[in-house]
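Just so it is clear, A, B, C, D, E and F label the chains in written order, and each chain counts residues from 1 on its own.
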Amino acid sequence: MKVCRRETFNAAHRLFRPDWSDEKNKEVFGKCNNPNYHGHNYVLETWVEGDVDSETGFLIDLKVLKQLVKTEITQRFDHFNLNLDCKEFANLNPTSENISIVIWNILREKLDPKYKLTIKLWETENNICEYSGE
Amino acid sequence: MKVCRRETFNAAHRLFRPDWSDEKNKEVFGKCNNPNYHGHNYVLETWVEGDVDSETGFLIDLKVLKQLVKTEITQRFDHFNLNLDCKEFANLNPTSENISIVIWNILREKLDPKYKLTIKLWETENNICEYSGE
Amino acid sequence: MKVCRRETFNAAHRLFRPDWSDEKNKEVFGKCNNPNYHGHNYVLETWVEGDVDSETGFLIDLKVLKQLVKTEITQRFDHFNLNLDCKEFANLNPTSENISIVIWNILREKLDPKYKLTIKLWETENNICEYSGE
Amino acid sequence: MKVCRRETFNAAHRLFRPDWSDEKNKEVFGKCNNPNYHGHNYVLETWVEGDVDSETGFLIDLKVLKQLVKTEITQRFDHFNLNLDCKEFANLNPTSENISIVIWNILREKLDPKYKLTIKLWETENNICEYSGE
Amino acid sequence: MKVCRRETFNAAHRLFRPDWSDEKNKEVFGKCNNPNYHGHNYVLETWVEGDVDSETGFLIDLKVLKQLVKTEITQRFDHFNLNLDCKEFANLNPTSENISIVIWNILREKLDPKYKLTIKLWETENNICEYSGE
Amino acid sequence: MKVCRRETFNAAHRLFRPDWSDEKNKEVFGKCNNPNYHGHNYVLETWVEGDVDSETGFLIDLKVLKQLVKTEITQRFDHFNLNLDCKEFANLNPTSENISIVIWNILREKLDPKYKLTIKLWETENNICEYSGE
């Protein structure tokens, strides 16, 4: 059994490695490398897998999960520049894959270890990423 | 290989355990415990996993699956009050998790055992549940 | 120029006139008349028409409009039974049309008269209602 | 009769007036004023109103309208920073309202005057703007 | 006040004028002219404008509107080839504009003249057409 | 870790086996057997599973995956008749299941063997198919 809470946040980013030349950055990351940043409406699905509590009928209280995602993820990233404002990406290229890993690591630490956790992240309606910690 | 039929139904419910005090019900279930019920447009995805029939090119005829879901699930729950009208929830708290288990059990019994069955249920566009019988 | 804020709320209702016989209620309103109520995830678009403020570049601050809709509409109707919990429908059949009129009247009174107001309400993904006060 | 082509683009922006103090900018524009920019997946609907050509059955060839929107709007704004990279917003606060006016003006000039033009712009799935040149 | 019923149907078509040469057809209609047909999941919104009946709280009974659209439109066009199977397009190029006019004319004749009627037709998620009889 | 690129294409088809009688074809495939074809807006999600490259932060460059899907799938099937124009279905009934297998086989051959590949195909918003090569 799995349950999911969906939340959204907006952020600016650019794909960029400071240790690469501008030419190499541009060649590898194309228009996603624009030095002045571009941005996205990210959609985040947080999936939690586990057993249903026979008393409440909940796997996890979705009010609790919603609050956790808002406190730990939305407030951290919403209306910010991932490269400049968020220490998590100070030395990490904010690709969808890396953003998913960062989000997963943050939530994994806060979530009861009895649950399995999966993150699904839409960068656009056409670009999606899924991460389960492996 | 998996195929899916998506159907929708509307229903009222409240989260509530008759063996708990009103205080405890309110504390645990919050505004979902409103005694006069509230409701949802449920979206149900029914996923069937198996082998493709080499004659027809179908895993299962989706017209058949659609009819099964309509007869067994939509007609049973659509435009009803899950707590009051549906015997399945007379003694079962209608959380998304429990609704998914009930739906899965109903369809599992009607579906050829050669198929694996998974249910995905949207209570709102932000709250989702998935159940595969485990 | 028009701008819109989209919000959602969940509610139970039944279509019903207390001054009609049960037979007539059932004949006219069909399964929407189920005495135990059924429910919906309502989606509400609030459209405001007017001129753009040349200083801010806003027609209306959407943070303000969002807060207005949350305070006046979402908190009033979310997770309630429209027929039983909401005085607006004590003597008014909660069809989509009447819900739209009620919402429009509430917001109209709170909104600066310089703005034109239009409400768009989804009862389901297939049933929609739009009201501009005429 | 109206027809519409829907296109999307990603961009970074901040709400900001250089002639205001940082305090006033922050007070009026809130978290949308973050100096390091944030971003959106903009969805743009371009509606053209006119008569159907009795020969082709087209009001306007949507291949032509699609190409016009891609050349004039998507290529101009996609993966850019509206404030820094786009001369249209060098002295104009990139609110949804102002972006809609800018897009409308660009397309209006390129579109045959026999057509009426309306722009619908989604900043997020919940914030929408519509502009018809008035 | 306006209400809407949304329905869908699937159909094949090609853009083609029998009185034009193959070259001219190909030049004007591009890949939409493919002689072996291609197809779409059409989404149809039927908007009806009028006054709310103070007895029922309905502008029009959406069960009735749904049935009308199913009988007159869905059954006529769903799973057919518009060019070959549907007499309406025997001598009419099935562009979105012409399909909208055909649908509007069919429904207009069946609908009480006291209502204003508008049709909104999605050929794809990106190509939309709207027609109000003018 | 998995990433996904979503693309769409339009195509006509009919469900049909040339080695069956017309009666049997009609009995098994119903209105999907209409001899003049009908069509769909197919939505295709291409999911690639593997490890993230620590240099780029990409599992696979989505620009590359997008180009691969466009070149190999969209250009091959978009605006065509699957039964008549596409050699892949000359002797294969174009059910969603078989289309998914064909797409998977084409992409599998072009994709680095280090990646696991899954295809998700929407024939309509209600009929979905998923294939991972087993």
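The rule we apply is simple: a residue touches a chain if its C-beta (ideal position, glycine included) is under 8 Å from a C-beta of that chain, and two chains touch if they have at least 3 such contacts.
Here the structure is a predicted model, which is why all the values come from computation and not from measurement.
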* Number of steps on the shortest touching-chain route linking chain C and chain D -> 1
* Asked: When every step has to jump to a touching chain, what is the lowest number of steps that links chain D to chain E?
  -> 1
* Determine the set of chains touching chain A that also touch chain E. => D, F
* Among all other chains, pick the one whose mean CA position is farthest from the mean CA position of chain E. => A
* Structure fact -> Computed over C-alpha atoms, the centroid farthest from that of chain D is that of chain B
* Asked: Per the centroid of Cα atoms for each chain, what is the distance between chain A and chain B, given in Å?
  -> 29
* Whole-Å distance, chain A centre to chain C centre, using C-alpha means? -> 34
* Asked: Which residues belonging to chain C are in contact with no fewer than two other chains?
  -> 125
* Could you list each pair of chains that touch, in label order? -> A-B, A-D, A-F, B-C, B-F, C-D, C-E, D-E, E-F
* Structure fact -> Interface with chain B, chain C side, in the complex: residues 8, 10-13, 31-32, 34, 36-41, 78-81, 84-85, 124-125
* Structure fact -> Within the complex, chain E is touched by chain C residues 15, 17, 28-30, 92-98, 100-101, 125-132, 134
* **Of chain A, residues touching chain B in the complex** => 1-7, 45, 47, 52, 55-59, 61-63, 66
